[in-house]
Each structure stands twice: as structure tokens, then as C-alpha cells.
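Some structures to go through are shown next.
First chain A sits with chain B, and in the next complex the same chain sits with chain C.
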Partner chain A sequence: MSTRKKTILKVIILGDSGVGKTSLMQQFINGKFSQQYKATIGADFLPKDLVIDDKQVTMQIWDTAGQERFQSLGVAFYRGSDCCVLVYDVTNTKSFENLQSWKDEFLIQANIKDPDNFPFVVIGNKIDVEENKRLVSSKKAQSLCASMGNLPYFETSAKEAVNVEQAFDVVARNALQQEESLEFSDDYTDAVNIHVDGDSYGSCGC
Partner chain B sequence: MDTEVSFSTPNLVEEHSDALARHNSDGGYSLIDYYAENRREEPFTLVNPPHRKTLTRTESIQSLKKSRTSLERVQSKIGESIHQEPNRLNAILASDRDRYGFRKSNHYVKIEDYDEWWTRYSQYLSRRKKKWEKLMAKNGLLVAKKGSPTRFPARSEELRRYVRKGIPAEWRGDAWFYFAKGYDKLKDNKGVYDKLVDETMNLINENTEAIEKDLHRTFPENVHFNDITRNGVTEESPLLQTLRRVLKCFSKYRPSIGYCQSLNFIAGLLLVFLDEERAFWMLVIVTERYLPGIHEFNLEGVNVHQGVLMLCLRQYLPNVWALINESSHSNNNSFLYELPTLSFCTTSWFMSIFVGVLPIETTLRVWDCLFYEESKAIFQVSLTIFKLLEPQMLDLSHKRSEDDGILSAELFQMIQNAPKRLLDANALMEECFRFSSFSKLSQEEILNCKKYVIESRSRYNELIKRRSAVGMDEQERKELMRTAVLLENKQIGLKSMNWNGRLNSRMRRIQQRIR
Partner chain C sequence: MDPIALHENYIHRDSISSGESGQFDRPQVARLAAQKSQVSLVSNSLVLSRPSESTSGVTFVCSQPDNASMAASMEASIGGTIFSDSETAFHSLPETQPTIDLGFRPQKADMNDSENAFFVQNKHFFILSVAGKPIYSMHGSDEILTVHAGIIQTIVSYFEFNPDGETEQLRTFTSGDEIKTRFCFLNKAPIILMAISSLDESELQLNQQLDFLYNFLLTILSKPHIDKVFRKRDNFDLRKLLGKADIACLDSICNDLANFNNPGLIIGGLECLRMRKSVRRRIENVLLAEKSENLLYALLVAPGGRLVTVLRPRRHTLHTSDLQLLFSMIFNTNTFRSTPEGNETQQLASNEEFWVPICFPKFNPNGFLYSFIQFVDLKDEKLMYLHDLNMSALEQDANPDSSKITVILVSAYKDSFFEMRKIASSIIKTVKLNRTIYRDLFKAVVGTQGANGETGASSGKVDPVEIPAPLVQHFVFKSKKHTQFVFSRLAHQREPDENMRGQLMMLYAKLHSQFSGASRITGSQHDSDFLDESHFINLVRWKHQNDNLVGFLITTTNYELYLLTNGGIMDEKVLLRSCKNIIKWCKKNQDRLFISSGAVF
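Coming up: the complex of A and B.
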């Protein structure tokens, strides 16, 4: 693997519709919140250049549509991701209960070889709301994250820019670690693929 | 999970359809008349927030009546502002909104650019309006000064040319509805919509919850789709209430679709041009005739349409295709099963029919063609966008040739963002229907491609299912994909392809091999 190659970290944001995925991504990348975001159809993508411990990286953040049926679009862009951010809305119990299935869905679609060591980060968003509107407690969330394999957990407000920076910093670090750990195995699969390519060409007599 | 509360309201239904019938009796009802009559009624009253709890019958009738009246007000307001009189068109220059209430500028279009373009475009619109009036007169269809025709000339080369150059905005709703055969639908379904409104008024389920989440995320950049705050009191916009009703009724009427994100954009834009009931039927027509399968629960229609678009790209824009195609073999059709990542940019081109993809005036021009020329217009416009982007895409690929990850990401962004700047609708349409190699693409060809893609995909899925029963690992699956439909001819035009025969023999051979 060439060393001059710029490090690209691919991050996927998943979670139910309306939990604030688009708002979180915008807050992190553009530093602002707006009521004007339209519902996401298909997938959106934004890049951000970062420096992590003196290392230049480009983070590619993929924002997705939250409605369940969009999973049928054969989410090819999950492949090769370095970190997955699972978002729920602290005012919406269902979005919390769905975290596990988002995680499973991702592992299957992204075809992750080593699911136990793949980095996920969980975010509980909209903590700016009044106390009585909050339906999922920190304690409950923390215990779920612990049971899902000690996943890092953050509570954020995309609206008030609370903790967004911190959450994505951990996302970036975990993604970088993942990317570096994958370099060797990537080279290995490439070699196998080339072999198979040649094979199938031959057998078809093309 | 439906917590539906039903109560019989026969009077209500009759009452409303009476009103429609009155307008129907003299040769199709004109909305303009309908509004004019209603305008004399009570002044604009603020509407109660949506009721979710059980209402008494009288309450519910009142709330329905009230919201309808305010809806009509809103629509007539939009209706008036889109009348293409020169002074009205000019007034847009002084406003930060366009004639439909959308903000003129955004992240991609500067207000100066909008105004510069609008100065020219508004003159064009006035000229086109005069031509349309002449065309109508020539065909013996008189249109009152401020009215809108409910009938249009018979289909012809000439009419198609007129449609491609844009339908006058104030006639748009009527023209779309007419071309899409909406009146037949309406005639066959008298009273159905009103019944649906009744039945869904207190409905709460997964669909309605999803609808609630999207209402305010539909057109936040349009004044009519935002709540109104007056004297410190926030009231829900009447148009949002209408949008809610249309989407709820649709989810009930078409349970195989229910509510699918992106329907909000289509219904929302329809409501700018059509009254509630006709917007509803138009939504039904769009999903069953123009974009079948696209919004169904498994979204397979999206994959199929994307597959067709990929076939078209390979045929008409090979340079663009080379950048998009991820498979290393040029004559391999595996992209029909595992669509290239970049095809994700075009999901919303189909699902939302370019709403939010192209600037609004440009989107409307595409819709004009779609409703007159069928779904091929979507493919032609998509190809045109790629054709316009081709130089930039190639340029980028030369600069980035050493780094794949960055290239595909930057291409993705380019395809995602560039259309949002395509204000010049005339340039886009001219390129599409006059200069391009695909200007003659026929609906039949598109249907053939679609059939082919559907068959390929279902065969592949079948094979996968059968193989996975006996156990197939990822590597085998890939191999199957590579070889499944490896086409023998190197240069296969969309037209010259023997769609079914060749595929069948290919599949037979593969199935034998698998056995």
C-alpha cells in the first residue's frame, strides 16, 4: 500500500427517521443548526478534512434515509466503512429500541468480517429538550451500550451544539484505528480477487 | 396498531360532493370559479391544531369545513401570484421569494444569479403564454382572462413542442391533470376521497407517525409550508394540514405503499398547483402509472429504474459510464444486481421526481414533460444532467486518477450538487430534446429495458436463493454475478439487444453449471 495515499475514513450515520442524523452531520461539518433541512432521500454525503494527532485525514460522512424501506436499496456504500454512528432520539423510545437492529443491519450489509471489533459509536440526540420530554434515561442508554459490546456513548444536541464535536472526535479516532488495522487484510483480499477475476474470465472463454 | 375511530358521516360526504358536482355539471369544474365563490364566504379563520383524540361528529365536521376553507384561501393566494402578467413577474425581482413562495436563493444559487436569470426568463414566460393562448384559440378552446382551461388540444407534435417549452404556471395544475387522465380517475372515484378523509381523520399508525415527522421537512424554504406565528401564537399552516390529509389518505388507499419518504415532496408540489382532491388523485396516478413500484415497500422499483438508467448511461454516455461503473469488465451486467455506489445520487431523481434536486422552475419543466410524455422524460433529463456534467467529471478523474477513494467521493458530491445550480431550464430542455443523441429515446425502449432489468434481477435473486440453500460463500456469489449475464456481444445497443432470448440461454447454462 502506497504511503502517499491520503487516509480516507468512511463513516456511516444510521438511525430512525427524524432522530437528527442530518442535523448532527451539518452541525459537525458546518457548525450550524437549521430547521430548514429537508428529509433525506437515498443517501447524502459530506467530506471533512481533519487532523488527528498530526495525521491528515479526510472523513467521508454518509448520511442516510431513516425509513426502514430504504434498506432495500442494497446499501452498497456501507462497504468499506471504518466506523458506524448509531443515533437515537432521547425523546423517542422506539428509536432507542431500534438501535440493535440498526447495528445488525449494518453488520450484514457492510459485510463486516470481524463484527466484534468493528467500531460503533452510539449517540443520544436532542438532549436540549425539557426534562419531562426526555423518555430514555442516560442510565438505560449506558447499560444498553455496555451490553452491545461496550460501545462509546454520547449525549448530544445538534441544535445547541452540545457534545457534537466530542462525539465525532471519538468517531474519527476509532475510524482511523480501524482503517489502519485493515490495511494488511485489505491487501490480502485484493490479491484473492485478482486471482478469481482471471479465473472467471478463463472459464467463460471470453 | 390502527387506533382508527370511525363514525358515519353520510351528510358530510354528500355535502361536499354536491359542491363539486355543481361545478362539474357545466363541463368540468374550474377551480378559479370555485375559489371565487368561496372567497365571499367567511374571512380567513385560523385553524385549530390537528385533532388526534376522538371528536364528536359535529366537531369533526366543523374542523373539516374550517380547514378546507383556509386551504382554499391559501391556494387561491398561490394561484393569484403565479399569474403570468408582466408586472407580477417583475415584482419577483423585488422579493426574496419566487412566485410560489420558495426562497429564491440558497446555498447553491445566489440571489443576484436568480434575478439575472429571472429577468430573462420572465420575458420568455410572457411570450410563451401568448403563444399558448393562440394555440388554444386555434383549437377552439377559449380561456377566460384569469381562468384556466380544463381541456387542452389533442396530442400532436405541436402540442408536445409547446409542453417541452413549458406550460404556463397558472395552467399547470389543470394541464397536468388533463394529460395524466385525472378526470377519468375522478369520475370513476366520486366521493372516495372525502370518505378517505373521514376514515383517516383520527388514524394513528406507523405511516401517520412517519408523515408527521416529514411535514415540516417538506418545503421549509417555502412560506406556505411553514407554521404561521401571529401575535405570539403559532398556528399550523393550512397547506401543511392539507398535505397531512393527502398523505394519510394515500397511505390508507394504497396499503402496499403506505407512506414512503419522498411522497411528501411530490404531494407537496402537486398541492401548489392543484386542489386537495385532484392532488390526491394525481399522486395516485404518479405512483401507479408514471413511477410504478418506486415507492412500494421493498423499493424494488427504485433499483429497477436505476438499472435502466445505468443501461442508458452505458449506451449513450460511455465516458460517464466508465467513471460510474465499478465492475472491471466492460460487458458485464452485474451492475444490474449490485448497483454502482454512485447510483445512490440518483435515487431522489426518481423517488422525488427531481424535487430538491433541480431548482423549482426547472423541476416544473421536467414535470410538464413527464405528464405529457411518460417516464422516459425522467431518463432523458437524467441523461442530460450527466451529459452536462461530463466535462467536469472527466476533468476531475484526470486530476484524481491516482486515488480512487477520493475520486468517487468527489464525483458523488458533484452529481449531488451540480443539478441544484441548473437554473437555466431552457438550456437543459434544449439539450435534452434537441441536441442530444437520446432526444429520440422512446417510451417503448424504456419499457423494454425495464422488462429486461426486472427479469435479470429476479433471476439473479432466484439463483441466489437456490444457491444459498446449498450454501454459497461471498466469493462464489461474486463469481456468479460476474458470469451470470456476461454478454457475448461487445457493442450492444439498447435497441439491438435480444433482451430475453440471450439471457435465457445464458441462465440455462449457468443453472446447469450450478447443478
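Coming up: the complex of A and C.
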């Protein structure tokens, strides 16, 4: 096993079923897009190595299932995340309206101690569709992101690889910043007085 | 790398048994009551075979009783030669080891990024955080670990956070038919550990192994330190706190566990250096003379982690697993090694002094003790001359570490280095200059010296032939009272090499797990040298070319005796007499074989 470690960034992707979470991740990692829709069961895990300002990082991307029945896994998936990506589909108003509840759900389940400073990135996917099919305008989306705490907002097309790199670059940078905040600096000062509570007799008779 | 999706059937609740151990077809073991002097040894036989199509692991095929012919006809594709049982004098035997090849292949931790290489391994260990961030894996690259850490975390969480609100802990499940692969989990939130084994190990065994790995993390970090970093932030990457030496030690512990290389971890106990009681007493007095308020424990340790003796305060005992961790740390890594000039290989640095903070989890998981460690080479020309030992007869190519004893002084105070150093140097001086102590340690560790000055095998380990125990090729005797054991040589041989040791311990581990899975022995509270119907014998036979190897475990409330015989030429009465001889011999010599209390102050 390696001794020179890259920083691990746990990134979780949330959003309604069918908004394109898996497609975004596939495009970002493999540069591929599949027309076929296949629901994610539970979660997919993909690693992606990146270099950010000379720093080697591995993004451990948790692509979760949007379907309701997998939500019981939430607590398990969310805890210890370094960044949360909220995805909606620009052709699906409901998925846009649910962004706030995805965010709230995440903050509660992940037990985030400083919710105001936790990095979220919002992505509006499927901008490759014809203009008349688009139901959520950029303006509307931007204003929601502003109201949710000035969250970075990207409009992407996983199908045509538009803006995906850029969005995940910001995800990675913000995740790294989060990971490095509160950098642990305590030394090993908590040696206790052994003579007080170390008294226990066990299996060894020697 | 392709994404690894969690398919529904992979984590389907019905296919995994949680809470209690999964269905596992334990090969039947013939448990025979040895009635007085009559033992009937033939019942079920276990045939060990290696399916030719399999790439890893061994399978135990259990044949039906009274079907000896079928068992015999199952040709096992195992190479190697059988033990020689000749009574030839020890010194005239060739140095080469006889081989038992039961499909055991030593394996090593790696960071191979090939998934194929990863999946054929028959033993895995993983350590991750409850957030699913990777901490360590025995095999595979960081990339492979990153993916699997997420999957393992999900599987564990799936049971922990049940949809119906109940919480369960997933402990184990198995998969596969031909070769059963066992998955075992240990949730020590904020740390999760998992083992995978295709070596036919039980849940209990794997759990103990995971516990040992977890305790190692505690020895280097301590419990409050780990809790604190994760309390501050769930997303903490624990690898930040693990140095190169720590990873190397984890690798080495995993190798030991996968290769059955540490008998003490398998049967639970420590090994002591066999030596005269009076000399051990003398060494204890040397330690007692140096006792100081700041000194908690003092240990003298022979090569291979064999205890010579300990100094301890009356109110504190030393815990077996704490010492096993300490010895793993000292003897299995290169932390305490250096490469002397003109030498190519690293060896224990006998010209250095070490001061190391170590948390002993069983003693107290909440804080550190400080250990002064120094190695003393008994092969010292001046000392040998002083004590009339013949230098020229020594083996030139012997492992330089095989003649070094270790002095360990443990203090609760981190600024007591100089005091400990002074104590150590005083102890070492006495050990070197006291003729009886030095000569006895030399004899036990380096080798005996004949009248003509020739060096023979060290007396620190017994040969079954010495007892005598005809038909017994090897044995391990564990005294439960002492939590210590005797590990014999192979009959007529010096030391089993690492590979052979692994084979032996793999067989004993098998016996051990079958015993621990069996129902408790009832009755038999009395101390008896003799076997009677209340003592069960676990018997496992391995078909080996045209011959059988038979492994036994005899267990009573006072001891466990593991032994291996060459089954093909087995005379049951002779064998039983041998068992009794070993037990009698171990009892008679217990003051030489075991440390009963050490030097207590």
C-alpha cells in the first residue's frame, strides 16, 4: 500500500431520480455518455485522480440513487463528505423545486457542524435540449442558488460534455478547501496518568 | 476503472446472515474420547485436496465414515515429500527441511493496481473510516482501495441503518461453494475493519485478527486521539496520522496473519525461552536490583519474541496481546533495524537506543507508555573469550538477529529516558559479565557447545526426539494457566523455516478453530496427567500422497496439546504414550518452559 498518500475527497452527488447524476459522473470520469437510462441502485463509487494547484487528490465520488426507496442509506452515505453536488434537470421543474429539500436533508443526515460554510455546488443538467423544452430558466436557478447561500451554479450537458469539467473543477477545489480546513495540529499530549486507571487484571499470568 | 455498482442481489438481506454467523459447512471432525489407554483413531477422515481449476486456497473435503477406500482413492494433487521417521542421530541428518506441501503459499502485502491480481488473493484486510474513506488495505492500489472502502462502508451501513429503524451489526457472511470465502466485519466506529479469507478460517479466528489490527492502531495513536480527530470532523483522513513505519508494520502484521506465521496469535499465548529455573531467577534478581519508581515494566526478550523474564509491579500484570503487539512492532518492521557497514541486509540495530511512545490497549487504551528499547548481541568476541566460549565454531552465515536479545524498559513518564538508559546499561552490563547468565543465555539462544568446542543447536527449543515422543513430528503445548506455549522443533531438525512454520500453524489453526467451535468440555475440573474420557481429542487427517498426516488437539482445563504425526505408520498405542510423555515432560519442566510470575516488586 502506498505511503505517499493523495488527499482523499469524498464527494456526494444528490438529486431527483433521472436528472443525470450518473451521466455527469460518467462524462467527468470516462468522457462517455450513454443514451440508455439505468437506475442506480444504492450507490456507485468511482475514483478520479486530479491535480489541483500541484496537489494530488483522489476524488471518491459517491453517485447515489435518487429513488425514494434508497433514502434509508442516507446517513451512511452522507457522513464525512467533503463536498455535496446538487443536481436538477432543467426540463423538470419538480427536480428544481426539490433542491432545497435535498440540501436540508443532507445537512441533517450528514450532521454538518458548520452548515453555512459547507461547500455545495448546484448543477442544472440537460441544457442540450431544445429551448422550448427547458422549463427552468438560468435566471430563476441563479436566484435560487443565491438565496441558498451563494452556492456556485453550473449549467451542464452530460450528453454533449458541456461545462462538466468546469463544474467538477470547482467541486474539487471546494472539497479540498473543506478537507484542509481545521487542519489537525494537536500533538500527543493526552497521555493519562497510568497509575490511576490502568489497573486491570487480565489473561496473562506472567 | 469501471464503476462497481452495488447490485441489489449483492447486498440482499436474505443472502447475508447478519447478527449470527452464516451457514458454514464445517468439515466434520472426529472427536474421540480417549478412554483410558485405548484410543480409536479411525473415524471420519479429512482429505485435503487442491482442485486443479482453482487458483487460490485449499478445500477440505470431508469423506463419510467407513468410507476409507473412497478417501484413499481421492488422489490429492499435492507435491512434496513426507517426513522421514528414521531414528538417525540428529547431527548426521541433512540440513534440508523435509517438506509438507499442503497448498500453503506465503503471501505478501502489495499495492498492485491490477484488479485481477487483487481478486485472486485468498486473504484480504481492509481498514476504513465510517465515512467510507480508505485507511489501509493489505492488497491493491489506492485506487482499488478507494472504491472498495465505499462498498464496504455501504454494506456495513445497510445493516446498521435498517429501513425499519432497527440497528444490526453485520458480522460475517460467506460466499462460494467449492471454495468458501468468508467475509468478516468489525465495526469499531469511527473505524471499520474487514477481513476476507478463502483459507477456511472461522468467524472467531478472523475476528481475533481484525481485533489485533485494530489494537495496533491504538498502540500507535491511542483511543482518545482517534476519537478526537473524528469527533472534530467525520471526513478526517486517518492516513494523515500514519507514517511509513506504521504502514510497514500493518503490512507485516497482515502478512503474519495471512501466512499463519505467528503461533501466539493463533492459539493465544506467548512463547518463553527455555532455560534453567535458577538462571532465570538470577536474571530476575538482576532486574529487581534495578527497580525504580519510574520503571513500570522491564522485559528481556530472546529472538522470535520469546520472553526470558519480566519485571513488574505487584498491582500490574502484562497482557498477552499487548506484548504481542509490542513484539510485532519491534521484530517485524525495519523501524529498529539498520544496515551496518559492509553489510547488505538490515538487522536489529544493536548500537542504538530507542525511546518510543506506545499505547498498550489492554493495559490502558487511553494513554501512552514510553518504551526504552536496546538490542544486545550475544555473539561478541570479547565476551565469548571472557566466558570460554569457542568463537570459531559458530555458523558464519547465521541470521545476525538470531543471537540478539532485547531489553525493554517501560515507563509511564516521557521524560525518564536518561534514567531508563542508565538502568538498561546496568542490566546489560550484568548480563554480559555474569558468567552463568551469559553462558546460559548463549546456550539457549545461540547454541550449545560440546567438549570439543563445536556449536550445536540452541537448547532454547525442544526436539520431540528429546522427550522422547516417537511418531510425533512436531508439537505445541500451551499451558492455559500461564497463557504461554512451547513450540517444538521438527523431529530431528533445527528450526522449521518460515514456509514450514506456516504449514504447521495452518494445520493447528484448523484444529484450534474446530475446537473453539465445538461445545464446551464439561466436567474434568481435576488436574490429571492422564487422558480420560472427559478429554476430547480433535483429530484431523490430511491425505498426503500415499501417506496421511494426522493432526491432533488434546485439550483439558489446564493445557492444549497440538501435535502432528505421520499417520501412515501410526501405532496408536505408541502415539498415545508419546502424548503422555510430552504432557509429563512439559509439566516436569514447567519452571524451565514458562514464566510463572516474573520478578514482582
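Simple rule for what comes next: the second predicted complex is superposed on the first by the 173 of 206 C-alpha atoms of A that agree within 3 Å, B and C clash if a C-alpha of one lies under 4 Å from a C-alpha of the other, contacts with A are read in each partner's own complex, and residues count from 1 in each chain.
Heads up, the rule we're going with is that contacts are C-beta pairs under 8 Å (C-beta built on N, C-alpha and C of every residue); 3 or more make two chains touch, one makes a residue touch a chain.
Bear in mind the structure is a predicted one, so any value in this text is a computation, not a measurement.
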| item | value |
| --- | --- |
| Contacts of A:50 with chain B and chain C, given as first, second, both or neither | neither |
| Touching partner for A:170 - first (chain B), second (chain C), both, neither | neither |
| Comparison of chain B and chain C by chain A residues contacted | C |
| Contacts of A:82 with chain B and chain C, given as first, second, both or neither | second |
| Touched partner set for A:110, first chain B, second chain C, both or neither | second |
| First (chain B), second (chain C), both or neither touched by A:36 | first |
| Touching partner for A:162 - first (chain B), second (chain C), both, neither | neither |
| Touching partner for A:178 - first (chain B), second (chain C), both, neither | second |
| First (chain B), second (chain C), both or neither touched by A:17 | first |
| Those residues of chain A which chain B touches in one complex and chain C touches in the other | 5-6, 8, 10, 40-47, 58, 60, 72-73, 76-77, 111, 192, 197, 199-201, 203-204, 206 |
| Touching residues (chain side chain B, partner chain A) in the complex | 210, 213-214, 216-221, 260-262, 264-265, 297-300, 302-303, 328-329, 338-341, 344-345, 347-348, 351-352, 356, 403, 405-406, 409, 412-413, 416, 474-475, 478-479, 482-483, 486 |
| Of all residues in chain A, those that touch chain C in their complex | 1-3, 5-8, 10, 25-26, 40-47, 49, 58, 60, 62-63, 72-73, 75-77, 79-82, 110-111, 113, 178-179, 182, 184, 186, 188, 190-195, 197-206 |
| Residue ranges of chain A touching chain B (in the complex, touch as defined) | 5-6, 8, 10, 17-18, 35-47, 58, 60, 65, 67, 69-70, 72-74, 76-77, 111, 192, 196-197, 199-201, 203-204, 206 |
| Footprint of chain A on chain C - complex, ascending | 1, 3-8, 11, 109, 111, 129-134, 136-138, 140-143, 145-147, 149-151, 153-154, 156-158, 160-163, 222, 224-225, 228-229, 232-237, 239-241, 244, 247, 250-251, 268, 270, 296, 307, 310, 315-320, 323, 357, 362-364, 366-369, 412, 414, 481-484, 595-598 |
